[in-house]
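Presented sequentially are two complexes of chain A, the first with chain B as partner and the second with chain C.
Here is the complex of A and B:
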């Protein structure tokens, strides 16, 4: 076991995100450890954790309403914003985990899912290249940048490398000062 | 605090423990409550006799939820055991034992004895006596890789922190929701004040 947050673990955390579903069955509600969800009525929207939504979907007991940001126009605008801005634009911290779960299990509930899948991939590429570019600009005097709105998936990508690099830079700076 | 909130707190504790280079305080209250809840729910589920498809469906959901919480708990406990093994000598030398639960302490004691004996048998008895001691008071001879307090960790500000002097002379104005990669030793007090979270 590694002592760091792994991709399956961040998917596990992402599965607690609340999403809206429209059930097609009637039930008084589920009193599970992580909360009470109910009552469920056909065609009445209700918020549940993502894992429960996916479970019900796989049993064909509900339709999933994708989160507001998983919309073609919203994502197109987001992509434009991301391209113009130097910083990250605001996105769900688990946007990649949530969207890939939904695209895997409920793609018929997502209008334009093929295009949306492509756009999310493009968005991630853009954000990753932003990180790469900003890393090239790092100097010892200007080491500490604000990573505001970085998402879990991008954090995972740099978690292995960046902290260790910073540790070394710090170490070199200290030894230099001691000379 | 409701059970749902406690589960969220345990999740946050797991993330903190995963990222933090040193051992943190054992969340005994959270763990006790979650363990009690898991046990009573498991009993309840086991007592259900499944007769209808409806009941089977419900039980499946309860079990699924329960398995997720069990995984969360065991992941938390295992992350700590992993760290206790890696930092065994440091925890003993620096007197951090009060950060551990009773069971963890029992584990540490056994682990410490086994490891010390192994070291003695394999090489300590073959070197001059003055070099044999494992736990010098000045920490200089701790055989662990000690927790690197200057290791960089990703933090998210839960609150406005304001100007923060950084080790390279830079000053950062840290606002709520900002994410920085900073040396652990620098931000340690802010974790205790719940002003930042490790991510």
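Here is the complex of A and C:
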């Protein structure tokens, strides 16, 4: 199990996405591995990695501007689209991780955060049931399901199961082709 | 997943599954292989069970003939195909699919492996449904080693997801083996 990605690790990768913050302090800037972020001036928006934004937010040193898709209307539209479509609709690859982090640490910066939290959970439930439904349909003749636009969190849910299953079937098939 | 390798424990255990063979040539002094007979030699036409690895070796030397186990016979396959989901494969063999693959590889008899793939996929689909609905853990009794591995991975993922959603990972906790060690020292 040690060589598998866990959910906290997947969140760690998500923390590298960029987010806009409005600092309330002055600083020459941060030289970190992914680049130089700065200079920071009070009430001037700047893009930083998510982890840095959350770190500053927890010290009350900035205000976080939520990403564009984390808006009540946008999410409602997405939800409707998701319900009508057979396949997955396009979403941020790390939408669950980013929203979970922001809702945990920067609630007050997100308008309608209660509704948004609920909508994202509904959206996620909907997408999970979509995965379930498409997996219910697989047979030996038609082994593969279409998971285009699947998000990180949903990928984690099946990545331990599906490859192992497919490998086993392939293994059985190999001996079949011998004769 | 099915693995094959010198060091793979599941591969070794699958090789231990008993297989019925029929001796085709009398083997002098090999009576100990079949202690029930009490004879010194292993006589021609004797039927007895030996582990799969030995059966394969005897068959390659043309000393014995492997009989296809009943569990891969037509009547058993028909029952399996009728409803693959509820049948306990563990009762038949804990390494059902592994043994089937090995036998198929050895006997070059592709009759039973194709329906078994169907059974495996049908059972996986059912299993996935059970995992996501957090169902009765009694199902584990019906699973072979291969399926149990999939089931446990799935349950672990589900548990991990709920823990993550409630942000339980934000709190730094001691690793499980440290906790277990502490318990052990307390007992002393």
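Note that the second predicted complex is superposed on the first by the 170 of 179 C-alpha atoms of A that agree within 3 Å, B and C clash if a C-alpha of one lies under 4 Å from a C-alpha of the other, contacts with A are read in each partner's own complex, and residues count from 1 in each chain.
Following the convention adopted for this analysis, contacts are C-beta pairs under 8 Å (C-beta built on N, C-alpha and C of every residue); 3 or more make two chains touch, one makes a residue touch a chain.
On a predicted model such as this, the values are computed, not experimentally measured, just so you know.
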{"item": "Touching partner for A:117 - first (chain B), second (chain C), both, neither", "value": "neither"}
{"item": "Touched partner set for A:148, first chain B, second chain C, both or neither", "value": "first"}
{"item": "Touching partner for A:175 - first (chain B), second (chain C), both, neither", "value": "second"}
{"item": "Partner chain(s) touched by A:126 [first = chain B, second = chain C, both, neither]", "value": "neither"}
{"item": "Chain B versus chain C as contact partner of A:46, first or second or both or neither", "value": "neither"}
{"item": "Which superposed partner A:5 touches (first chain B, second chain C, both, neither)", "value": "first"}
{"item": "Touching partner for A:74 - first (chain B), second (chain C), both, neither", "value": "neither"}
{"item": "Contacts of A:22 with chain B and chain C, given as first, second, both or neither", "value": "neither"}
{"item": "First, second, both or neither for A:104, with chain B first and chain C second", "value": "second"}
{"item": "Contact residues of chain A, present in both the chain B and the chain C interface", "value": "1, 140, 143, 163, 167, 173"}
{"item": "Complex contacts: residues of chain A adjacent to chain B", "value": "1, 3-5, 9, 12-13, 15-16, 30, 32-35, 51-52, 55, 59, 140-150, 155, 159, 162-163, 166-167, 170, 173"}
{"item": "Chain A - residues contacting chain C, complex", "value": "1, 6-8, 11, 100, 104, 128, 132, 135-136, 138-140, 143, 153, 156-157, 160-161, 163-165, 167-169, 171-173, 175-176, 178-179"}
{"item": "Residues of chain B that touch chain A when the two form their complex", "value": "3-4, 7, 11, 15, 18-19, 37-38, 41, 57-58, 60-62, 64-66, 68-69, 71-72, 75, 78-79, 82-83, 86, 148, 150-154, 166-170, 172, 177-183, 199"}
{"item": "Residue ranges of chain C touching chain A (in the complex, touch as defined)", "value": "1-2, 97, 100-101, 104-105, 108-110, 113-114, 116-118, 120-122, 124-125, 128-129, 131-132, 146, 149-150, 153-154, 156-158, 160-161, 163-165, 167, 169-170"}
